[in-house]
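Both of the next two complexes hold chain A, though its partner changes from chain B to chain C.
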Partner chain A sequence: MSAKRNYGALYAAPQGLWLLAFFAAPLAIIVAYSFMRKGLYGGVTGELSLDAYRALANPSLLAVAARTLAVSLAATALTLLIALPCGYHIARSRNQALRLFLVIVPFWTNFLVRIYAWIAILGNEGFLNDFLRALGVVADPVQFLYNQWAVVLVLVYMYLPYAILPLFSTIDKFDFTLLEAARDLGATKPQAMGRVLLPNIQGGVVTAVLFTFIPIFGAYAVPLLVGGKDSYMLGNIIADQVTKTRNWPLASAISMTVTALTGVAALAFLYRSRKPAPAPLEGQGGAS
Partner chain B sequence: MKARRKLSFSALVYWSTIAFLFLPLAVLLVYSFNSSKSGTWTGFSLVWYEKLVFGSPELWKAFANSLVVALGSASAATLLGTLAAVGTNRFRFRGRAAVQALSFVPMILPEIVVGVSLLVFFAGVGLKLGMATVLIAHTTFNLPFVFLLVSARLEEFDSSIVEAARDLGANERQTLFRVIVPMALPGVASGFLTAVTLSLEDFVITFFVSGPGSTTLPLYIYSMIRFGVSPVINALSAVMVAGTIALVYPLRNFLKTFAAQS
Partner chain C sequence: MKGSDVAVSALRKSFGGFEALKDVSLEIRKGEFFSLLGPSGCGKTTLLRVIAGFEDPDTGIVAIDGREVNGLPPDKRRCNTVFQNYALFPHLSVFENVAFPLRLRKVPNRLVKEQVRRHLALVQLESHAGKKPSQLSGGQKQRVAIARALINEPSVLLLDEPLSALDAKLRQHMLLELDQIHDQVGITFIYVTHDQAEALSVSDRIAVMDGGRVLQVGSPQEIYENPKSEFVARFIGDTNLFKGLVVAREGPIARVEAEGYGPLLVEANGEAPVGARVTVAVRPEKLRIASAPPPRHAEANVFRGVVEEPVYSGFQTKYLVRGSASAAGEAELAGSGPSSSLSVLRQHAQWSEGVPDIRWKDEVYLYWSARDAVVVETDARGGKPPEAEAPR
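Let's look at the complex of A and B:
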């Protein structure tokens, strides 16, 4: 570096100030509100209190939290199981551009259009019920929507591309001759996959998990539109507290909890993936 | 040749997944041409397209709002994000780590938390919900992506070129506009496009910060869905999917870079 003037702070200031004002400050307000008492007509009173956090221990809220976690874990696991072979297939294919194109089109199709499509299929007067009735399998429409299974199905549908893309780009960098080497040295196919490929694409797996788990854990629109009252997730509770009940301290406290849990999950996952891969391979790949 | 067998397993999963991903879109497309309102096929018709084009002024208003918000917030985010990326890439300064951290956190925060905190913030400072609050919110969630994409691009190239320009007598402005910006352009462009896409897509955050007169297209679709299945949404969806295909197809050779950055 030559002794030229340092313009760094000047360049970074507009973005820094913007995020300070419209990201950090709102978040700070949420933190503060979570320690205050609910005002009579919404808003907050200035008094400090732990009421909102005490209200978190409410059994029905805990049940929603447990459900949110279960649904998120199930949907993330399913997504990852489907996405891994997909990423592998695209990486090994000779026509990667076409295969990526086919993944990205649904990915770039509007979020609500994709949810709506499932309502049109699974609804009481939807495509599937129509089809089943035409076949004579059922007489009355089957209620496919507004339950837990519909929520998981649609969540997997929504977030599959988020997992496939990072997995593809990591697997694409993997040196496939290593798999052959493992096979030549006597590893079975699953052994070669599990002990040579997987440790070397850990970075992609971590990214895929974070890209699916975090948005699913905070899901709002999917459970609202395809779930029933009994498949509400924490995101729905937050929204209801803000817009309907107008209990901002409670909404803030739940938001803080969701943020903290997401943060802990992300950090734990990132930390775990930092540990050296079980089978470090010289000069190649590495968990990138 | 067991390697082949594994390949066919992954191929099977891949093609089934593609079928799964496209099935709902195909259903919407087919039903958008159905003459009746119900799920039963009653014959081919373009009536819903006609209704979409000529009988849905509110939808077009929402679409116009979406475009204004997308282009406005993407431009603002691209300007601020690019400047910050250039600054943190070329210089070390106090607060550099803070700027980088502050650019990373919004991406890992659940959307609902961002939306609620902005709503509470706007209520607190007394800003009325409307186009301005939607623009502010969209710029905020777009910023980190632009910053990241431009930073990634800047890290790729040889910084000695910048120093060479300075040594050869270019001043800061010349270095910025003649050397750095042209080199960073692919990153800036993908940052802008990503921001436009994210903005057009966003439902959750917009849901909290929009007010009367600032209904975006996703919000409008949401309100239509709440009223039940409407074939006009089928037609709209078909048009949107076609638009997505028309947009993505010319980019197919860059998709690999896109996947690597996402």
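Let's look at the complex of A and C:
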């Protein structure tokens, strides 16, 4: 027996067991279900089949998938557009702690409560309509809720902090004299931002995109509560298949496809924006 | 002569309650290597940033080639800056860093290549064009920053403590190189530094700053040999300062009764009338040190003391000599107070002076000519307290 034993496996065991029981095992069940046939009254029969995957080619399902992608891309882009100046402002401000605190405050309120808060604001009897009517801008309430726009708006609101925080932390590490250098060398303000700031905070942008795009792509509660029938997203279809139609194999197949697609997309995105491998150091100290 | 002249007048700039510049006026000539020298917080970097366009002055005018540039953003001024921390773009190669200003102007690729190559050659970095800044040494980064700042062919180059991050040897080397680049491109250099040795060695003229003001402007020799204030005398090089009252004048020679030292002879050129309170400076290298009393001379100042601290540094030794009480009959000698002390430098250029080695605790005589002492400050009201002047 060697004098020095490696306890790494032992230390990792609790985490490993946890992940095995609550991540790997359920995932395996979903994978297995997706290859089975739907039972008559829900559940699955034991026979293996590709029926569920064949059912994916359903045009209405593909339309929802396309819409989900469009909504996710739009919401992510909007989030990024708001989060970038926001993160920049926090990084350059003197009172970072207060501003970061304000970004985090919404997390103290439950996710669903915050969605209902939006309903209270945007509803036909909501604050916004009351306000507009009081001003005399409109006579009848405007239908703000239950459409695509409401979904995008609330999704952006929900995931904004997840984009602001990584962007802030990268911009905070950015050397702002580089912007002065760019200006000094003839760049206008927008040129300095585009050519010097953005390339140097790429890591933060990638993180922000992943942190917003992935959860938005799987969104369920937001389209359910503030969207209409025409703003259903894949998450809602999956829920319906599980709870209403009780087609578990189809629900599993959609889940697997979403997981696989987002996984591949995220990896491709990470690969494309990876840092170039540092070339070996040479010619050091050549003060000749 | 290439380059521009730069003039600032009555500049003021405050940050919150802190006044970084208090009424600064300067004229910098075309093609000059001009240094702004002062301790940290003296306003020299703020002045540079005002000239570059990064800061707007609260009041006052900045003019380049006689044209007011107040309010013009940095990208519209014909000056470029070499930053203290180099500020190289980490995501771009050395080549693209230098090419950055050309890319902004959409210069055709062929011309970009040609110009970048020429500027990299100027700083001897042709072979490093493909590297990223993180792969370069400090001195190399510095050179990339210089090449990048020069590629727009500015008429003024602003350098903000460009050598402060380099080690002493490399600093000397880069300083010479900067001087050569200045000779080659012939444009105006405005060089900010807190290092008086750097400023003295390369500048055509120096402005010494302190507390947001310019105290003195002049050639390195003028600044060193004829400091116009106690601060300048102390800040530039090493110095011995005496304070006292002028008790007599014989032509250009003033006799000063220096506090803690005794009588002192200074060549004063009329700037120190009898009764004036003056500050006199003598550079340590102007003093001579000997074990025996020097031959009597009318203009000579003599100080007797004990070597307290010899500091040997190869080419020279610096002695700190503390005054010792004069023996009877030597009342003419300065240095009667044991609280007074002087520093003296002895060069070891000619070791065959025949002077025996001077050691710790040795009794020595220091002497210097009245011509080597300068009056740096004069207060004509004399040593009397201000109330004495009040009208009766």
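Note that the second predicted complex is superposed on the first by the 269 of 288 C-alpha atoms of A that agree within 3 Å, B and C clash if a C-alpha of one lies under 4 Å from a C-alpha of the other, contacts with A are read in each partner's own complex, and residues count from 1 in each chain.
Assume a contact is a pair of C-beta atoms (placed from the backbone, for glycine too) under 8 Å apart; a residue touches a chain by one contact, two chains touch by 3 or more.
Fair warning: this is a prediction, and the values are worked out from it, not measured in the lab.
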Q: Using the superposition on chain A described above, determine whether A:Asn200 touches chain B (first), chain C (second), both, or neither.
A: second
Q) Is A:Asp175 contacted by the first partner chain B, the second partner chain C, both or neither? A) second
(Q) For A:Val137, using the defined touch cut-off, is the partner it touches chain B, chain C, both, or neither? Pick first, second, both or neither. (A) neither
Q: Spot which of chain B and chain C makes contact with more residues of chain A, would you?
A: B
Q: Could you tell me if A:Arg92 is touching chain B, chain C, both of them or neither one (first, second, both, neither)?
A: first
Q) Just chain B (first), just chain C (second), both, or neither: which does A:Arg183 touch? A) both
Q: Would you check which partner chain A:Leu100 touches, where first means chain B only, second means chain C only, and both and neither mean what they say?
A: first
Q) In the superposed view, which residues of chain A touch chain B and also chain C? A) 180, 183
Q) Which bits of chain A are touching chain C when the two form their complex? A) 175, 177-178, 180-188, 191, 195-196, 199-200, 278-279, 281-288
Q) Which residues of chain C touch chain A in their complex? A) 52, 54, 73-75, 80-81, 83, 85, 87-91, 100-101, 104-105, 124, 127-128, 131-132, 134-135, 137, 139-140, 148-149, 152, 170, 173
Q. Which residues of chain A touch chain B in their complex?
A. 1-2, 4-12, 14-16, 18-20, 22-27, 29-30, 33, 43, 82, 85-86, 88-90, 92, 96-106, 108-121, 123, 125-127, 129-130, 157, 160-162, 164-166, 168-169, 172, 179-180, 183, 189, 193, 210, 214-215, 217-218, 220-221, 225, 235, 238-239, 242-243, 248, 251-252, 255, 258-259, 262-263, 266
Q: State the interface residues of chain B toward chain A in the complex, per the touch definition above.
A: 2-3, 5-7, 9-11, 13-14, 17-18, 20-25, 27-28, 31, 38-40, 79-81, 83-84, 86-88, 90-96, 98-99, 102-103, 105-106, 108-114, 116-121, 123-124, 136-137, 139-140, 143, 147, 163, 166-167, 172, 197, 200-204, 207-208, 217-218, 221-222, 225, 229, 233-234, 236-237, 240-241, 244-245, 247-249, 252-253, 255-256, 258-260, 262
